[in-house]
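Each chain gets a letter, A, B, C and D, in the order it is written, and its residues are counted from 1.
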Amino acid sequence: MHPYTDITGRLLICCPDRPGIVAGVSQFLYSHGANILDASQHSTDPREGLFFMRMVFHLENTSISREQLEADFLEKVALPRHMEWRIDYTDHRKRMAIMVSRYDHCIMELLWRWRSGELEVDIPVVISNHNDLQKLAADFDIPFHYLPVTAQNKAQQEQQAITLLQQQQVDFIVLARYMQILSPDFVKEFPGRIINIHHSFLPAFAGARPYLNAYTRGVKLIGATAHYVTNDLDEGPIIEQDVARVSHKHAVDDLVLLGRDIERQVLTRAVKAHIEDRVIVHGNKTIVF
Amino acid sequence: MHPYTDITGRLLICCPDRPGIVAGVSQFLYSHGANILDASQHSTDPREGLFFMRMVFHLENTSISREQLEADFLEKVALPRHMEWRIDYTDHRKRMAIMVSRYDHCIMELLWRWRSGELEVDIPVVISNHNDLQKLAADFDIPFHYLPVTAQNKAQQEQQAITLLQQQQVDFIVLARYMQILSPDFVKEFPGRIINIHHSFLPAFAGARPYLNAYTRGVKLIGATAHYVTNDLDEGPIIEQDVARVSHKHAVDDLVLLGRDIERQVLTRAVKAHIEDRVIVHGNKTIVF
Amino acid sequence: MHPYTDITGRLLICCPDRPGIVAGVSQFLYSHGANILDASQHSTDPREGLFFMRMVFHLENTSISREQLEADFLEKVALPRHMEWRIDYTDHRKRMAIMVSRYDHCIMELLWRWRSGELEVDIPVVISNHNDLQKLAADFDIPFHYLPVTAQNKAQQEQQAITLLQQQQVDFIVLARYMQILSPDFVKEFPGRIINIHHSFLPAFAGARPYLNAYTRGVKLIGATAHYVTNDLDEGPIIEQDVARVSHKHAVDDLVLLGRDIERQVLTRAVKAHIEDRVIVHGNKTIVF
Amino acid sequence: MHPYTDITGRLLICCPDRPGIVAGVSQFLYSHGANILDASQHSTDPREGLFFMRMVFHLENTSISREQLEADFLEKVALPRHMEWRIDYTDHRKRMAIMVSRYDHCIMELLWRWRSGELEVDIPVVISNHNDLQKLAADFDIPFHYLPVTAQNKAQQEQQAITLLQQQQVDFIVLARYMQILSPDFVKEFPGRIINIHHSFLPAFAGARPYLNAYTRGVKLIGATAHYVTNDLDEGPIIEQDVARVSHKHAVDDLVLLGRDIERQVLTRAVKAHIEDRVIVHGNKTIVF
């Protein structure tokens, strides 16, 4: 976690698990002048037999271009090992969109952390189906787009949003309590690139009104879950979860209030992990390095 | 939480919420020579309008008998206010039975805390459908009863257990990972007096194999839930819950291992609250003072 | 924690512990038409023999004035029992000042929770020895006063601040990472009414550079402490503390970053407890109901 | 964390940080038929410039002996890079001694986890200066040695203990609330191999009576710290810490009771990390992989 002022690359790989992968990848990087700063790996159950790795490296003693590095990697390392892989570089700041309804706590947390330098992204666009948070976005000098939605215009409104997000070349979208269910058409435009915060510890209390349902069941913990959006509501791969302790003294309104703090923290940690290329989606689960 | 060497009474009440209850009860106790050591109260939502209270008192300057105190309380305080109530005294040590299968972690935790003086109960009987833990019970000088269960003898085995529990005048039963589902006939003998530990954060992963299901879903927290047993499996009033953080690195076996620690702590806290008369069951929820 | 729209009173008392206090106080309130909504009590070690109580009540069926109520209480309840006491009413919103230097995380958290309605105070003034946070205060429509401080003008600057705080009839002051040590002259103007956030789990790492010292010692947890300011630096009564887990991977800068989250949460909880009259200072310790 | 039934090696290294270490080590292991199962690395601040790594590997396709492997590693990898290193193999079960006084909670936790298979060590000896826990050790079939200590016989008693520990070829010693301060002569026999549990979150409340001091200071969290013993009391490298929340309601006895749970957990986690060769001591700090 040291501050390296220079540009680093982050390599994520997934391939069949067999001997020699760490040696092969690290030898490749070394021979191309890259110094490995951090590495994490994970092997799944032997029956499944998959290997995952994240390597952060620093290109310091090399005149090789990124294109050449990646072409070599593909040929010499990735193809022989049937690897899925990608490299992201820290000089490409990801472009993050925020979609929001009326609650300000999640977007406030994201914008404050972004302004403080903790979230290393650009935020070219905030989209909302209400105009309540227009001033908030303005306080942070972020463009705000008001796209109201009704039962009638929903398909059209989503199309407007897609166009806007594509024009802004958005890398990923954060639903910071956006109280609309996105259609399959929307989701398929941004596969694995939409992060939602759900206000319960999934799989408990999926769907609407989780705090009311938590109150009714009498649980002693409430939680929040950040996950990638798929077409199965609240069923996508979980990135991060957390909980807080409650008691019989908490009315539903108290749960909502307390829950805001958990939502803010869980969403922030998930977004940060995504920005730092720490998350690999595998099936309906995540590996978070 | 000071150590009062003398005997204290614990009064639990539930009644319609209206002005004057605290004044009425505390005035009654004062006028009968009782000093209030601790008091907690809870009012439900005004639409429901119920009032709950736990008062711990010390009978120091009185020659009145407990029978007379309770008769007076019934007439002067409880009846006019349509109260449900009870008083337990610390010189009546509750009698706790433990039912267990093969896992030793929960019973070990209970027995160790009992021996160290933290759980102020008597433990007249351990019942198990296996004989694996016979030596463990013997190490703590607790009578162990081996009542094996099969598909054929289940009703009969339960009847043996009921007889044994009644002979031993058991006040409540702790299912310390007893891997059998109790029949309605058994449950109705001990209403609100059977505490179970379930190895998930209910309502998530009710039923069998919660750790496997947690693994499959890819949650980032696993938990445990202590609850009173009702005839709806894993649906009874929750007393206590807690969780621990897990990651993609945890295989199912690791979840089982880590889960043992949560189960031990959650069950212990629930049992302790029950022993100290801190729990009031209201509908399918608990108030834990 | 139910939303009572009407005005409530919060009575805090401290007196020698002896039988009949709860009865006396609750009978007094009842006879004056007050309904007790919540009550908490605490008895210290019998050798010390003190009794503390917080009662929240609702004046609903009474035509009595507050002055009369308090005069009666003094005469009939407080004087005979040698009580220290006070009553605060929820229709008097406390006036909170914030003093801050350059870090924005603590003030941001307070202002956002204030705007969202969670902190029921007025904030008539922000004072800073830097002008970095002027725009932030403006975004929330809070008056910002820039009072720079040097070795030469420190006494004078403090006097300006005192005058300003008194003009604004401030009830209490929050030092939201105000990086100056207040002089005894300043502190004595606001006894028990200045809340500071220190960025360590006191008493560990008192004084300057706690994160650096935590790093050097190699602790596995870092923390934050909210306390009332006295003239002994970082020695005042602790209101709230919390910690977060760290490892060898955290450089000092990472501790600072992570610490911000703990500071925000701990300070907020302490301020909220103070606003809701939940804190009684007793010697150098607090009772937080 | 998968259960590999076969024997694995655990390589720990420390050396100056420069490019090519991961490549060099992993290439060496691969070329000797070792498959890397897990790897973690850490680079210190560039000014210090040190590199630490733990690699777990599986020797599957090799006829080479361990002696030859280590001789080759020394010559080809370690010497050129000025490495400190060691390899432990899982078929050498470490031999752990426990030293204890009268409190049973820490030793009980260790023995239970050992019996359940969670701690993969042999426990050839328990040493105590009291004989209270003789039966407990017997229940677990562990040899118990009663070596009483007085002001007069302390040096002699320590020498007896050293002889016993050496006869038993003990790899490391756990002070599971052993209430004696070990002399420098004792400590130097087992450098970096004595783990102590201290009942506070160090550096707060070092020395005697930490719970009393925590009570007097009025902290809102109490903690425990597991660390390696050096000749500076409570100043050795910290392995693990944790805390629990307390309030004004907790008398000193309550802190002691609650503290037991934290001590048990913290000590267990530290011992487990030591057994699994996850800890590297660097100066007065630890890297815990």
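Note that in this section a residue touches a chain if its C-beta (ideal position, glycine included) is under 8 Å from a C-beta of that chain, and two chains touch if they have at least 3 such contacts.
The structure presented is a predicted model; accordingly, all values stated were derived computationally and were not measured.
Comparing the residue numbers each copy contributes, chain B and chain C share more than half of them at their mutual interface. Relative to chain B, the chain whose mean Cα position lies farthest away is A.
Taking only C-alpha atoms, you rotate chain A by 180 degrees to land it on chain D; that is to the nearest 5. Remark: chain B and chain C have CA centroids separated by 37 Å (rounded to whole angstrom).
Centre-to-centre spacing of chain A and chain B amounts to 42 Å, using the average Cα coordinate of each chain.
Looking at chain C, residues 2, 45, 249, 251 sit in touch with two or more other chains. Chain C makes touch with chain D in their complex at residues 42, 45, 201-205, 217-221, 223, 237-243, 247-249, 251, 284-288. Per the touch definition, chain B reaches chain C in the complex via residues 2, 18-24, 26-27, 29-31, 33-41, 43, 45-46, 60-61. By the touch criterion stated above, chain D contacts chain B in their complex at residues 1-3, 104-105, 108, 112, 116, 118, 139, 249-251, 253-254, 257, 261, 265.
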